[in-house]
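Take a look at the following structure, please.
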Amino acid sequence: MFKKLIEESTGKSPWLFHINAGSCNGCDIELVAVLTPRYDAERLGFKLAGSPRQADIVVVTGPITAQSLPRVLRTIEQVPEPRCIVTMGSCPQSGNVFRGSYSICGPLSKYVHVDVDVAGCTPKPEAVIDGLALATKILQQKRREMK
Amino acid sequence: MSFLSYQHFPIFTIMLYFLGAFLIVVFGKAKALRHAVAFLCTAGPLALLISLIGRVMVHGEIISYWMGNRTPVGDYAIGIALEVDALSLFFGLLVATAVFVACLYSFRYMERDHNVPQYYTLYLMLAGGVMGLVLSGDLFNMFIMVEILTFAAVALTAFRNKVTGALEAAFKYLVVGSIGSTCILAGTIILYAQARTLNLAQLAAVIPGNFGVSTKLAFALLFIGFCTKAFIVPFHPLAADAHGAAPASVSVLISGVLTKSGIYGIIRLVFFLFQTMNLGTMQFWLVFLGSVSMFVCVTMALAQHDFKRLLAFHSISQIGYVLTAVGLATGLGISAGLYHAMNHTLFKGLLFLAAGAVLHETGTTDLGKLGGLAKKMPHTAALFLIGAASISGIPPFNGFASKWLIYQATYQKAAETGNIGFALVTVIALVTSTLTLASFVKVTQSVFFGQMPEECKNAKEVPFGMRFAMGILALLCILTGLFPGLVTRYLTEPAAKAAFAAGNYINAMMGQGYAERIMGAAAPGAPAVSFASSGVWSPLSWLLLLMIALLAICVVALSGKYDKVSVRSSKEVEKKYQLFYGGETQSFSQVGGGDLFWGFKHNWRHYFSFMHDLHSGIVNDYSLWAVVALALAIVYALIVL
Amino acid sequence: MLLVLNALKYLAYILIFPGFLFSFLVGMLLTGIDRKIVARMQKRVGPPILQPFYDFFKLLGKETIVPDAANRRVFLLAPLVGLAGITVLQLFIPVFHFHVFDNVADVIVILYLLLIPALAEILGAAASGSPYAGVGLSREMVTILAVELPLLLVLLAVAKTVGSAMGRGLVFSLSTIVGYQELHGSLITKLSMIPAAVAFLLIIPGETGSHPFDTAEAETEICEGMMAEYSGAPLGVYKLTHAMKIFTVVSLFVALFLGGIGAGIQNLVAAIGLSGAFAGALSLLLQILVLVLLSIVLTIVCISFVHAITARLRIEQVFKYYWTIVTCFALVSLVMAWYGL
Amino acid sequence: MDLPFIKEAISQLFSKPSTAMYPAVPSEAAENYRGRIVFHPDKCINCMMCERVCSGNAISHTVEKTDEGDKVTRTFYLGSCTFCATCMDFCGHGAIEFTRDYHMIATKEEDLMVSGTFIKKPPVRKAPPAKPAAPAASAKEPAAVTCETIAAEEGKAAAPAAMIAPRDDGKPVQVPARCVYCTLCAKKCPAGALTVDRAAKTWTLDEDLCVGCGTCAEACTKKAILMPGDEPVANVPAPKPAPKAAPAAAPAAPAPKAEEKPAEEPKAEEKPVEAPKAEEKPAEALQPRDDGKPVQDPSKCVYCTICAKKCPAGALTVDRAAKTWTLDEDLCVGCGTCAESCPKKAILI
Amino acid sequence: MITLNYIASFFLIVLGLYCIVVKYDLVKTVIGLSVMDYGVNLLIITIGYHPGGTAPIFTAGEINPASVFVDPIPQALTLTSIVIGACVTAMSLSLVIKLREMYGTLDTREIRRLRG
């Protein structure tokens, strides 16, 4: 009974942790716009957590610059177990217009298994909400598979 | 009277200390022999005094012992007397326990020092001096004992003269201390001039009625003398310097025992010799001094960077509590004050021993350079936490029980007299208690938790002997905290009654009916002292409830695999278990020492900078304060008494 | 047999009614309502009322990471001690008429018992060894320092008023205070108590560490402050302790200032004409209901409303605010209580 | 400590929240929102313009040679697209379209690939593509040979003054008669489809690279390249008085229609050329040279060295200090750029 | 005449205190201490004075109501006080020597490492 309750509530209160890996802040404002009254992700239980230890879903924006790569990987590593990684916008997915530049360390999927990608160069808040909802389902699935 | 009857116990306790001091000088070379003599000569007096509890405390009997059996002739006391009533025994017990535990601690603590035999000699001299002061019934004898303990304390402060400031502290202590003892001497002599006797009981019978100008001067001199010994506000920098430099076991004695002897002197002076405790102005004077020293010293402690200097300032602020409570001159007040004095000796001794352990392991007590010691010294950290919790008044521990009684006493005094000043004192008392909590949170975070700097890497647990001594004190802290009812009924209330009942003290000493004959109606008989406190607090049942709740929660947690946490095993990824530094690699950054409580310090920055300049560290300034305090006391005594 | 029955009764008191379960549910309910009202004030829909439950159970499901630099045993034990402290504290606060352990702790002791959960959090933060936690810890201590002075003044004023009114000098025990209020009407109706009540209302957000005064766990500046290194079940326990603390402080306000309502319920039940055990049960139920409603209203007024319209203060502003404005309110009421107004 | 927003907070508490309940209530993107790409393979002519202009280079294609033409599959990788729709603008045939579907969530990379395949049939030609043999025979002539002799040879091979018509598949065609092989068109061609060898007098077009953008036609000063939509031109040198535009053999097959086209053009050209010469004659009685090379009128020349800079062949060296103007006969191809660019009209051609 | 002693002792005590407070030199402070101590000793002696009294040494036969002795107790006290004064001076001088060695100066204004 308890396990089912935990599983169900894992789906209902995913906490986000936002990592800006050199993004142009287009996606960052869009992510925060999701929490504003207009789209209000909090009604689905989303909340921005202050530290990776308290996060379930890690949202990465920006084309993973060389400077930010080790820091992004370390922060993702510090997130406790049932976690999802969501890349927002095209930059983390492929490096977008910056691909091939000497200071870009390529798509995030080269280093970490990316669960959900929300495409769009600055995806619409609705798209972000869909992405996060999908990530929450994956989170629930991962929680179900945990020991 | 057979040789071993209880009548001789007072002289035995004092003699054992001095005998021990002498024996160690003779046989001091061999370590085992030295430890055995020291152990015997500290355990003996403690045992003797404990055996007296039943007789003196419960039955209220007063033991008087005339040196050389020169009992008073007619109604004039010739010889020197030792007098043990409930008040003296209470203080004697405090002294004996503190001395015994500190001696146990110093066996292992002083190993690394050289010329250790001298240390033990001075140590036992100090103990003997204080015990003599507390038990003696003769005023000049008290002066002699004060001199002995001041000498021993000065010598012990300067024992480790390589420590920065040891010599300087010892010299300042000697200068201002001898100003104080000279005042006591002058006061004693002026009283002798009037009453032609030195015996406390006879003085207590003769003096209260007729105050001449010289008697008032004598009161002021004696009062200032004992304030110097108790390190009340104008003289508190001495204690701060002395503790900072003295070895930890000596600091236990200085803060636990010396200050109490000062308080004992003041109580004898105010409640026995001059019996002016019911004067409104006298109560105001004592409570004012107490609350000023409470608040000033705790704010100074908050601004300290050195562990032992912080503890020193705290001990003076706790003495401020005791003086405030005693100054109220109500039954509950004195009982609460004495209870707090006892608790203070216990938890302050524990804290100083913990500070000594930290010094013993890491070689420094600077809060900025320490950190994360709980991992290396878990037992010391646990014992320190018990001490810190009890000094800052966390419910189950003893600090709370006595502070709570003090709040009741001050607020009840305010209700009775209707003057809001005492309510203000309660407020100051509580704010000081929270500030004490704040400074001990600061110490806990900067010494025992947080991250460990390089220098402390090779710190390891202190030897068992030291931990055993700390364990005794911690156990006593918890016991006296859990059974306030027992402590007040058997220890503090009889002492409080004795403090008021000067009459039977005189009769016991000088023979029955003496007090009535001399003082007529004014003889203070058994006082109608109410110890009723309007508060409700039973720590045992609270602790029981807490244990049940904690047990239930732990059972639920363990069943929910609460402790199956993920801790780094060798193969795990190392990054996951590093602290979150905003993504950076975990570098050493300890938040401790000076950079805590910025909010509070910022708001009070003018006050702190003023206080910092006031404690200039120059001998002349401290002596100037002493002289100014003496002048004020004389003016007060001449006008008010 | 009687002993066992008695033990079970007390166990039920500790774990079920005024103890853990009751304050667990009401605490979470209050937090849920608080977040919902704050959202609605920002024209947002806001999370469902049961959101704190979901958060709590999700956290139970998360993995607990203990960093290397942390002191493991203290790191894990501190939250449990905090929770036990707040559960026991809840027992001493009477629900209008119904009080179980009334001779264990009085008002000043409760003032100190309120420290235990905060100290548990401080100990946990210190044990985690993170610099963010160190900064959070120092801010939490300054907040405690700030709140302690006015809270004490309010309690002294109440003790003096009830004491002089009952002619016993001082009254510190909470049940006598509530008893007095049931006879002579709630304390808030007395003139000298109004500034004290206002001061207490201003203290509640500070004591519970809610929005304008949550500099200790400011998630933006110092990454959740003291909770920076906590994850999984210990974090859930800390959040639970926060929730229960809100309920405890609010019910303390109700007990201190609105005790008279209990009498109202009594005569209401008497008016219905019931009698015997059934009436007692009904009045108890009604009292519980009224207490929960009152706490909801109070939470909305002094926590959610203040949360919605103010921005987080710096730590020395928190300290200055409490030691000047709120202390003046409390001092005024103490002086008025003192001179018998 | 002023507390703003008290009124708003209370009033909002009782008014309806302004949240768009997204998952329940579907919300439509803005009118011309650039969302998911839809690719119409049939319209695409694989001109690869979109690939060139795409800033996120998200568009790629694979070509597979099959019997009925090369099978091209073009894929748009949305994960690397900035949705700026530049490709849509550049696609001349409207093969790329941005829909309003913003819902681009993917767990696998493939979901973000939009692709389409089509068969690219080779261009339909009216007549069999009789490619005239490249004038391999015109081996390197000694520099001294003048344009006429070459033209004469070419002329023999080519049809007498045949008309050149533009091609129908959008590619440029050369009017060998007019072309002076100044390699200007090759330099201008964005796609690098043209290779012009001045020495070998060859003008070859790489049909695959050529995108038919027409840049070469515009750049050609001699109007020697025809684009679809121009009138057929006779394969005869531009109607310069005798010495102009040494005709060169063009690989392109001159279509018979080209006959009458050059007729009008030379007339148009003659007039402008006539006018300038008329002015010069009365002032200096300086004779333009007969072999089509420029000659300098020292009186008007200010030695501004513009002509030397403009000369594509680098045949002119002008020294301002020494006031010398020397022409290198071999390098000069008589393209006339110096004459045109001379601000003082001091050069006659 | 006897009041002269009282005045002298009071003057000595005040002089000692003045010297301790004003002089910024360690040795002068020690001198001030001992001067103050001598003042008190003088006070003790003068208190014990009895006009016309002789030394309080007598055999059994000599006691008669008329014989007038000086009060012996203050003299005993003075002895102890002198001894104590000597010890205080000895110890403080030894400390002064070590301080001079450690701090390199005798000026009290330099010897203030422990402050604040």
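In this document, chain identifiers A, B, C, D and E correspond to the written order of the chains, with residue numbering beginning at 1 in each.
We take it that contacts are C-beta pairs under 8 Å (C-beta built on N, C-alpha and C of every residue); 3 or more make two chains touch, one makes a residue touch a chain.
On a predicted model such as this, the values are computed, not experimentally measured, just so you know.
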Joint neighbours (chain A and chain B) are C
Greatest Cα-centroid separation from chain D: which chain?
E
With contacts counted as C-beta pairs, which pair of chains has the highest total?
B-C
Taking all protein C-alpha atoms shown, work out their mean, then name the chain whose own C-alpha mean is nearest to it.
C
Let me have the rounded angstrom distance from the C-alpha centre of chain D over to the C-alpha centre of chain E, please.
118
Distance between chain centroids, defined by C-alpha means - chain C, chain D (Å):
81
Hey, how far is the Cα centre of chain B from the one of chain E, in Å?
30
Averaging C-alpha coordinates per chain, one finds the centres of chain B and chain D separated by a number of Å equal to 100
Check: chain B positions touching at least 2 other chains come out as 560, 566, 576, 578, 580, 582
I need the residues of chain A touching at least two other chains; which ones are they?
37, 40, 43, 51, 53, 78, 81
Strictly by the criterion at the top, what is the full list of touching chain pairs?
A-B, A-C, A-D, B-C, B-E, C-D
Which of the residues in chain D come into contact with chain A in the complex?
17-23, 27, 29, 35, 55-58, 77-84, 102-107, 109, 112
Contact footprint of chain D on chain A as seen in their complex
37-40, 43-44, 90, 93-97, 99, 109, 115-121, 123-127, 129-131, 133-134, 138
Counting only contacts in the complex, chain A reaches chain C at residues 5-7, 9-10, 12-14, 36-37, 40, 42-43, 45, 48-51, 53-54, 56, 78, 80-82, 143, 146
Which of the residues in chain D end up touching chain C in this complex?
1, 3-6, 9-10, 12-13, 15, 17-19, 21
Residue numbers of chain B touching chain C in their complex, please.
372, 374-375, 393-395, 400, 404, 407-408, 411-412, 415-416, 420, 423, 426-427, 430-431, 434-435, 437-438, 441-442, 444-445, 448-451, 534-538, 541-542, 545-546, 548-550, 552-554, 557, 560, 562-563, 565-568, 576-582, 586, 589-592, 595-600, 602-603
